[in-house]
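Listed after this line are the structures, all set down as structure tokens.
Both of the next two complexes hold subunit A, though its partner changes from subunit B to subunit C.
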Partner chain A sequence: MTALAARADHRSPEEAARRRRVRLTLGALALLCVLFVVAYLLYDVRGSWAYAMDLRGRQVGSLVVVGVAAGASSLVFQTVAGSRILTPGVMGFDALYLLVQTSIVFVFGSTTFMMLGTGERFLVNAGVLTLFGIVLFRWLFRSSSHNLLVLVLVGVVLGSLFASLTSFASRLLDPNEFLTLQDVMFASFSTVALDLLVVTAVVTVVALVALVPLLRYLDVVDLGRDNAVALGVRYHRVVTLTLAVVTVLVATSTALVGPMLFLGLIVANLARQLLPTHRHTDLVLGSCLVGVLCTVAGQFVVGHLMDQGTTLSVVVNLVGGIYFILLLMRTVRL
Partner chain B sequence: MSAPTTTRPAATTGRGGVRRWHLVAAGLVLAVGAYLSLAVGASELGLAELLSPSEDQLRILTISRIPRLVAILLAGASLSVAGLIMQRITQNRFVSPSTSGTVEAAVLGILLATLFFGSTSLLGKMALAIVTSVAGTLVFLTMLRRIRHREGIVVALVGLMYGGVLSAITVFLAYQRDLIQYLDIWTTGSFSSVLEGRYEPIYLVLLAGVVGYLSADRFTVIGMGEEFATNLGLNYQRILYTGLVVVSVMAAVVVVVVGTIPFLGLIVPNVVTLLLGDNVRRVLPVTALAGAGFVLACDVVGRWIIHPYEIPVATIAGAIGGVVFIWLILRSAGGVPA
Partner chain C sequence: MISVQGLTHRYDRTVVLDEVGLTIPVGRLTSIIGPNGAGKSTLLSVVSRLLRPERGQVVVGGLDVATAADDVIARTLAVLRQDNRIAARLSVVDLVRFGRFPYSKGRLRQEDHDKVEEAIAYLELEEYRDRYLDQLSGGQRQRAYIAMVLAQDTDYVLLDEPLNNLDMKHSAAMMTMLRRAVDDLGKTIVLVLHDINFASSFSDHIVAMRDGRVLHQGTPQDIMERQVLREVFDMDIHIQDLHGMRLGIFWTPGAPVGPAPVMSPTSLTT
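== the complex of A and B ==
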């Protein structure tokens, strides 16, 4: 890595200016995040402060975890897939999480399922999802790596297939078992349980730490598979490890708020537009900040200003869907 | 990958393709399914009882079982035919009512009817649903023209996303009026609520089907492009709109009476075309039979798995349809040299 260090000393003025701009943008994003978190906590508190802080603290906590997880996972997934329109959400990953959860209840029964604590339950789910996800995505990346759009379409259809299978399995369940499942599956973040929040937050932090040493290699993977291999990166190992981290992050965000199809897509693309850099350390950090900003500010508007008139996921789907169509139409004109 | 090349000559020579025994076989399969559909249920009916039912059994048959069978056959046939027509008009194998916003627009129409006109009749909802689904499909066709590169897969993606945006709008409106639960009922296709007196509007698809069949050859021609069709002396716009209305009426009527059945309009015509070639007039009756048979099978299976309860047909069709759709995508991707 001495070569890298040497290059860093001889930066051109443009490069230095760009670095400054990246740092400024990141600082501004962080500041905005803090502002919105504080605003969310303090806006129009009536009645008991202790109660409001407890409730809103948990809500903000889960929003932050979701924003960070969605931001980081989508950005590195885009790099690995080599495309701006591919994110775990678009590829049906969230739907897969729900399917795994339902299948576990279906196979082992709800009593076994509930005997596990929140933490163990989450770990079992995330573990199964990670295994599944890696197998599935390795297969997809290998079988049709030349046609990106095929991959996206398969992902979208897989998402709806998983949703159908989930609904199929849940119909086969005993109504009592289904009730316990429903509590777990539709954990709305307006009343998120503290223990689940703690578990997901810890897992997210661990996943992010595991991601840090990979970021440098992802800069090279971004150049494409052949270039990365030629430059001496162990491509398959990096991709597999990254995908493992991505599945864990998706599991955390889905466990907290359920599937949000387009959140990652919007966040990762916004981050790439805001930051004129290809360094993944900066990009991932920026993507996490944009993610937090989107979820906290979005929920602030939806929850406080619009008085719960709608839900965040509806807004995200609406905005994200239109954005995705525009992206597709532009991509095709290339 | 050798199978499709063997079917193509049959289609171009105009003979072979659809043979009479295909229709006979499809008819026989359908008859067995129809018998099962009449017999399976909370109270079982044997063959003897079907032929000479007691008074109670007769009531079960006329109030529930026969309407249900009719609705299944019509819904399956019409959605498949709608898919076939759309695929010919746009010359794109991945277009169908459920991948182009038509169905989602119809659901939006039902919601609007409920919001603005209170508890309207089935016919009122249907009228508005037809209007919105024509409009929704029109928007999709306009988008289709904007995309210069009309690769099948891109179009399917844009269509699916467009449908997603439409349903996000629907959910947005429904959430504010606390109608989410109703939305769930409309969007999950199920025949369990099909009873005498509540399904008759579905006969409207027969009318649309006749119009579609009579214009079948013209759909084939305009699928070859606007200039080609105009050169042959056809009024391109008028035929395009005929097709549009036929498809939208079919989709909207089925959504109002039954609910949505995912991927049906996509997979059935594709599989039939793969096997039998792509002459609309020849393929249309087989497509209708196959669609009816597929939905019938899904429904009988759904009623049988957790007897005496039932699984909505949309769930089963969605699971099977998703797998077939993915197979079709990978197949078409594999066919193109990378």
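== the complex of A and C ==
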């Protein structure tokens, strides 16, 4: 009797099968991640092994951090925003990061800025971004409540506003200051500084640890604000804490590879499609793994196979942009 | 008992609740009726602390909803709003398990699982237990939501238009089920209803609202009066007694229609 079996361990065979499928998918994703990381490190090494491993290790390390940060932040942001189309990238978060960085150089001058180490510089940026980010997004979610298209539009407008302000501020800078800023802003990931990598990795881990206790509340937040409040969740608190974690994660990924508008969007939606579950422990883990897979495999193809013919962010934005338009069209029709 | 005092709320400048004072009896089924924009849903939202009013106090079962801890209220009072569009991939049983969140914080114990299965059985959803919500009909989905609310196992249950999306058969079944929950389980249930005849046939107590005020309240006998309904709905409704139930005949073209509605300055359009 299926009914009796369900009573005994609270799970019907169908539920158990779904659970198994989630586990298997997560396992397969993890395996693929490891495979691609190893392949990235070992593919066609010529010359000094020590040099290759050092360089590639740093590259793959930053790709993993970016993948994890983008995956986790986008997935929980979707939940908090109550929409599968809104991700930090779409809402102009990473553009804000660049603006914050430029403003700091603009106000304090590049000498002060460069006197800080890479790590400290990042922490200052991330701190300011988190502050602004929370204020901005609290205001945004409150004022134009739940009209998806308005939010998307606001995000796009804000994104280009931040980008224009950034270029405006950098135009006002002394050419020398501008050069140093450009070095910092577009830290090409092929030459990632070790200290920046270490700081961002540590910050990402801390942010993820902070996210863990929020996950089961996010399961409920996914039911919408009213249902979450009705079930006794301190909605405002959970949303604010989650947004804080999101801003920190966006800061880490932007600091390492610059803005990748649609990476999070692809990754989070792919994870949701692959995993037939509503539980955020599984979803966030899956999203991190898909993120790592996208960045590492993507860079493997772009860097090794296509011989740097293009850059990862171009590919991600091309694929992601198309995907975004498809998602938007599907949602609007509904 | 639910007691409401001096409740006032505005959206922008429009007054939606105007000094509402009200007592809802315990262990009874109470229906709130009234025209669109009367403030019914707003009242329900405020009572269930989904909306913070400008002024006024709400006490449910001895708890002041503005100050009591969120999870304590969630174990006393359950509420379901009208529009529930959930994007998450949930099966019926997943959804119903959320009803236990105020108790388990997501880690269900034996007792929680029992309540979940009980609620599913109570709404006759066993067959659909493992279906995803988007694979259900509107009526089945509505029952799944109600099952979640019942699994929350609260003394007070507030439902905003629970008959929305339900056909006649399922509407009648839903009302019968809610009636049973009051009679068998001793729950206090408050509904916002549009159909005065469902309100009349199944409720113990009816609250009639208009323009953000409670105009009348009382038993179905008291409220289902031509005079009262004219005041509330601006319609001349013929009342018919049928086996002790009072029904309002408002849908026949033969029933005389009252004078054109006079819009008072505070009346609302939505």
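Please note the rule applied: the second predicted complex is superposed on the first by the 325 of 334 C-alpha atoms of A that agree within 3 Å, B and C clash if a C-alpha of one lies under 4 Å from a C-alpha of the other, contacts with A are read in each partner's own complex, and residues count from 1 in each chain.
Just so it is clear, a residue touches a chain if its C-beta (ideal position, glycine included) is under 8 Å from a C-beta of that chain, and two chains touch if they have at least 3 such contacts.
Keep in mind that what you see is a predicted model, and the values were worked out from it rather than measured.
Contacts of A:103 after superposition: neither subunit B nor subunit C is touched. In the overlay built on the shared chain, the residue A:240 is in contact with neither subunit B nor subunit C. In the superposed model, A:83 makes contact with subunit C only, not with subunit B.
When the shared chain is aligned, subunit C comes close enough to touch A:226, but subunit B does not.
In the superposition on chain A, A:317 makes contact with subunit B only, while subunit C stays out of contact range. In the overlay built on the shared chain, the residue A:261 is in contact with subunit B alone; subunit C does not reach it. Touched residues of subunit A, counted separately for subunit B and subunit C, are more numerous for B.
Put simply, subunit B touches subunit A in their complex at residues 94, 143, 146-149, 151, 153-154, 156-158, 160-162, 164-165, 168-169, 171-172, 175-176, 262, 305-306, 311-312, 314-316, 318-319, 322-323, 325-326, 329-330, 333-334, 336, 338. The part of subunit A that touches subunit C in the complex is made up of residues 3, 6-7, 10, 12, 14-15, 82-84, 216-217, 219-220, 222-224, 226-227, 229-234, 272, 276-278.
Note for the complex: subunit A touches subunit B at residues 143-144, 146-147, 149-150, 152-154, 156-158, 160-161, 163-165, 167-168, 171-172, 261, 309-311, 314-315, 317-318, 321-322, 324-325, 328-329, 332-333.
On the side of subunit C, the complex with subunit A involves touching residues 45, 48-50, 70-75, 78-81, 84-91, 93-94, 98-99, 101-102, 105-108, 113, 116-117, 126, 129-130, 152.
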